[in-house]
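Shared between the two complexes below is chain A, which pairs with chain B and chain C, respectively.
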Partner chain A sequence: MEIKTENYNVIYDETSQNIIFDGSLRLNGTAEYASISELLNNVAQQEPEKIVLDLKELSFLNSSGISILSKFVINVRKRKNIQMVVIGAKKNPWQGKSLKNLQRLMPSLKLELE
Partner chain B sequence: MNSSNIAIKQILGDFIQNLPPSQEYLILSFSPGSIPLRQRWRNNCLSADFLADYLSTFFLGNDNQQPDSEKQAEVKSAVSYIANELLENAMKYAVEMSPFPISIQIHLNPDLIIFQLTNSIHFQRTQEFQAHIETLLNSDPEELYIAQLEKNALEEECEESGLGLLTMLNDYGAKLGWKFESLPQDFSEIAVTTMVQLKI
Partner chain C sequence: MITDSQSQLSILAHLRHELRTPINAIIGYSEMIIEEIEELDLNVEYFNELEQIRECGVQLLAAINTFLNPPTLPNNQLNLPEIITNPELKAQLQKPTKVVISKCHQLIPLIETDFIADIEKISTAANKLLKDIDTLLKISPQKIDSNSLDNLPENAIAKTSEIDLIIDSGFLLAAESDLPLKTHNYTILIVDDNETNRDLLSRQVKEQGYQVATAVDGKQAITMIQTGAYDLILLDIIMPEINGYQVLKWIRSSSWGHIPTIMISALDEIDSVVKCIKMGAADYLAKPFNPVLLKARLGACLEQKRLRDQQASYLEQLATANEQISKLNNCLQAENMRLSAELDITQRLQMMLLPKEKELSQIEGLEIAGFMEPADEVGGDYYDVLQHHGRITIGIGDVTGHGLESGVLMLMVQTAVRTLMENNETDPKKFFEVLNRTIYKNVQRMDSDKNLSLCLVDYYDSVLSLSGQHEEMVVVRSGGAIERVDTIDLGFPIGLEETIEDFVFQAQVHLNQGDVVILYTDGITEAENNLGVHYGLERLCSMVQKNWQHSAKNIRQAVIQDLRSHIGVEKVYDDITLVVLKQK
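This part shows the complex of A and B:
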């Protein structure tokens, strides 16, 4: 599964169970995020043992995007048996500020900032 | 519409009325009437990135000669996020095709960046917006933020995330304030200025 555009890419690699985001994501509201939500929901539905959200190359995300990632984390949390890892990078300062909230939603979530 | 019957609170939150002059500032202004606002969405990113990139230049290291690259990256990221969220809000809530311009100003002070976004909203939306502001100002931002995320997750069809201003408060520790002003030439609209103060 993958979504590729001029400004951002979202790719799910089934073998590594990594969902990789890159570029800059500042779409207009839930409607424009629908295809990304669908990809994320599909991954959650497959109930893999582990899901890695790799955001290292995601330079910007607006608040609508933060809402979409939070929804996904809550969806994964409901399934109980999935181990969730979020990887960010210190070179994207927004991640140090905003990603910790995902951990508040799901305390077992592992957050790594490289 | 007779606006005199409805009390409009002028100032809410942390709003500096007479902003001291600063050496470095930028203003972008555009008319919502020239093209439909929703078609301007991509300009939010361009404007926010430009403002952020421009201002980050002024952050030099202790010797005032070389750029402090870590600080610059932090300022750039924060300015870009906040400016983009403010512009997105203006696109969503400003009166479409209004003659009243949307403007964003950013003032740079040694340890404080001040954002001011002005747009007009429909007069009828004032009370609803002010009630929302009171909730923002009178709640614990962290609790409200988490509650909003949980609420969004339950609502399949919610169009607005309601997170823009909350992330500024909770993630960026910014101070927020608002000024409401009636427009003498048009009682159906009211001008709203949102001020964001970001410590750096």
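This part shows the complex of A and C:
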């Protein structure tokens, strides 16, 4: 599963169970985020043991995007047995703050900031 | 005594027409039998006789053209009696005619029974011709019935070069129009008063696979066209009562004007052919009918008609498509109107609850200047300044997404905040917990996926107490020093989770005289220029830093102006909200 565009890519690597985001995501509202939501929900539905959300190369995510990630974390949390890891990078200013909310939504979530 | 040269020419043309009719039959029937024999690959001993009959016909036609179609003399003088009674003419006509009659007599006992009827027709035509030679060429020119001239063209002079030209183009047509036409699908109407011509032409046309109908005169033709469905009309020019011109004129002005009409004429009636083409005839066909030309002209005309019909059908399809497009367009317009009405309502909702300038000016201790500009598609920004029992609360928030739903959510938040204040709720944890539950439950009911950031700033006695998660709050101290207050740890998005009490904390900032506080939404920091570069928090801070000494209103103005110069002509995607506080 993958979504590739000029400005951003979202790729799910099934063997490593990594969901890799890169580029800059500035889509307008839930409607424009629908395909990304669908990809994320498909991953959650498969209930892998572990999901790694790799956001190291995602330089920007707007509030609608953060909301989409939050919904995804809530969805994963409901399924109880999935271990969740979010990898960010300090070079992306938005992550230090916004990724904290994900951890609050799911206290077992492991947040790694490189 | 006819001396007028024009009338003399007309008389000659009439004579040619009368004499050619039986000659055309001789040529036509003999040619048809010859073709059929060739086609069936029959080895018959009488083939030579048939060819002689045809040859005689050709000779007869040549004699008519030589003697009865003289070139115009320089003085325009013709000696009509001399031309008509020319003994050489008579001899050149009688001799081949007699040969034809005798060949027919020879052939009748020999020939296949299928062909006997045609040979008898040739024989009849030859006998009629022999009689005509005697009567017509003997008759005194003055006695020609003047009525019979009415149908003749005004000028019946044939110019050899013009005829050649048209014959050439005819053959060119024959070479090009080797099209796989499904001839049996087409019905051709043949209009000719002469029975022999009708019979000959029908058989030649049928030979090529077409369906054939015939009309014996103009009147019958018009009746048939109105009731039948014909793809092409072969129309003789010279007919009694309603002649070919009149029928053509009627066809062209009727609703059957699209049916191609080919005029039937003698070769030397070239001027009448021109006249017919000007009147809208598709083409002409000369007697005797040359099968190659006949095939080519029918094929070309029907192909043209097929293309025209196709074009008409495409046009019809286009019209239908156009109609559908216009219907869809109307739907789209209605939808656009609905959307535009929705936007209008949402923008008004957004603006109607904003604090009024007068309210703000009455606040003690703080100068407050607010600014809000909803985007084309409203983003659901929220800002408010409320007073209750001397306590001032400034709220700023941003609902995710855009549109009516975001606007409605923002209204609910405003009401809930006011309700809690009126109810004297001062504990931030309790305040936010009730507010969140209220919004969360409504969001669930709305089946919405929206939530919002919200920061509430209480001001009392030079102290700001803030809670709730939103953008950073910027404090520019008097003198220009900047402090940024992170609100991430002060709360949680409203409406996302059922309970958020555990995440709510309070921070406090003491203000001194001249200190400036900036609250804003991401519509400012994420506003893009033509290169997609964000306005950014740094630029906002530096603008306030440069202007801290001005009034709250002037600081607001400076920031908005700088923001607009950054955005330029780019589209504004999000609501822009800015609140400037300044300690008096």
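Note that the second predicted complex is superposed on the first by the 114 of 114 C-alpha atoms of A that agree within 3 Å, B and C clash if a C-alpha of one lies under 4 Å from a C-alpha of the other, contacts with A are read in each partner's own complex, and residues count from 1 in each chain.
The criterion applied here is as follows: contacts are C-beta pairs under 8 Å (C-beta built on N, C-alpha and C of every residue); 3 or more make two chains touch, one makes a residue touch a chain.
Since the structure is predicted, the reported quantities are computational estimates derived from the model, not experimental observations.
**Q** Kindly classify A:83 by the partners it touches after superposition: chain B alone (first), chain C alone (second), both, or neither?
**A** In the superposed model, A:83 contacts neither chain B nor chain C.
**Q** First (chain B), second (chain C), both or neither: which does A:101 touch?
**A** A:101 contacts both chain B and chain C.
**Q** A:64 contacts which: chain B (first), chain C (second), both, neither?
**A** Touch status of A:64: both partners.
**Q** Is A:75 touching the first partner chain B, the second partner chain C, both, or neither of them?
**A** In the superposition, A:75 touches chain B alone.
**Q** Can A:91 be said to touch chain B (first), chain C (second), both, or neither?
**A** Once the two structures are laid over each other on A, A:91 reaches chain B alone.
**Q** Using the superposition described at the top, determine whether chain B or chain C touches more residues of chain A.
**A** Residues of chain A touched, chain B against chain C: more for B.
**Q** Taking the superposition on A as described, I'd like to know which of chain B and chain C A:30 touches: first, second, both or neither.
**A** Touch partners of A:30: chain B and chain C.
**Q** Show me the chain A residues, by the header's touch rule, that chain B contacts in one structure and chain C contacts in the other.
**A** Of chain A, residues 26, 28-30, 62-64, 67, 70-71, 74, 97-98, 101, 104-105 contact chain B in one complex and chain C in the other.
**Q** Would you tell me which residues of chain B are touching chain A in their complex?
**A** Touching chain A: residues 38, 41, 44-45, 73-74, 77-78, 80-81, 84-85, 88, 91, 142, 145-146, 149-150, 152-153, 157-161, 163-164, 166-167, 170-172 of chain B.
**Q** Considering the complex alone, what residue numbers of chain A touch chain B?
**A** The contact residues of chain A facing chain B are 24, 26, 28-31, 60, 62-64, 66-67, 70-71, 74-75, 91-94, 97-98, 101, 104-105.
**Q** Can you list the chain A residues touching chain C in their complex?
**A** 26, 28-30, 62-64, 67, 70-71, 74, 97-98, 100-101, 104-105
**Q** Which residues of chain C touch chain A in the complex?
**A** The contact residues of chain C facing chain A are 377, 398, 400-403, 449-451, 453, 469, 486, 488-489, 492-493, 496-497, 503, 522, 526, 573.
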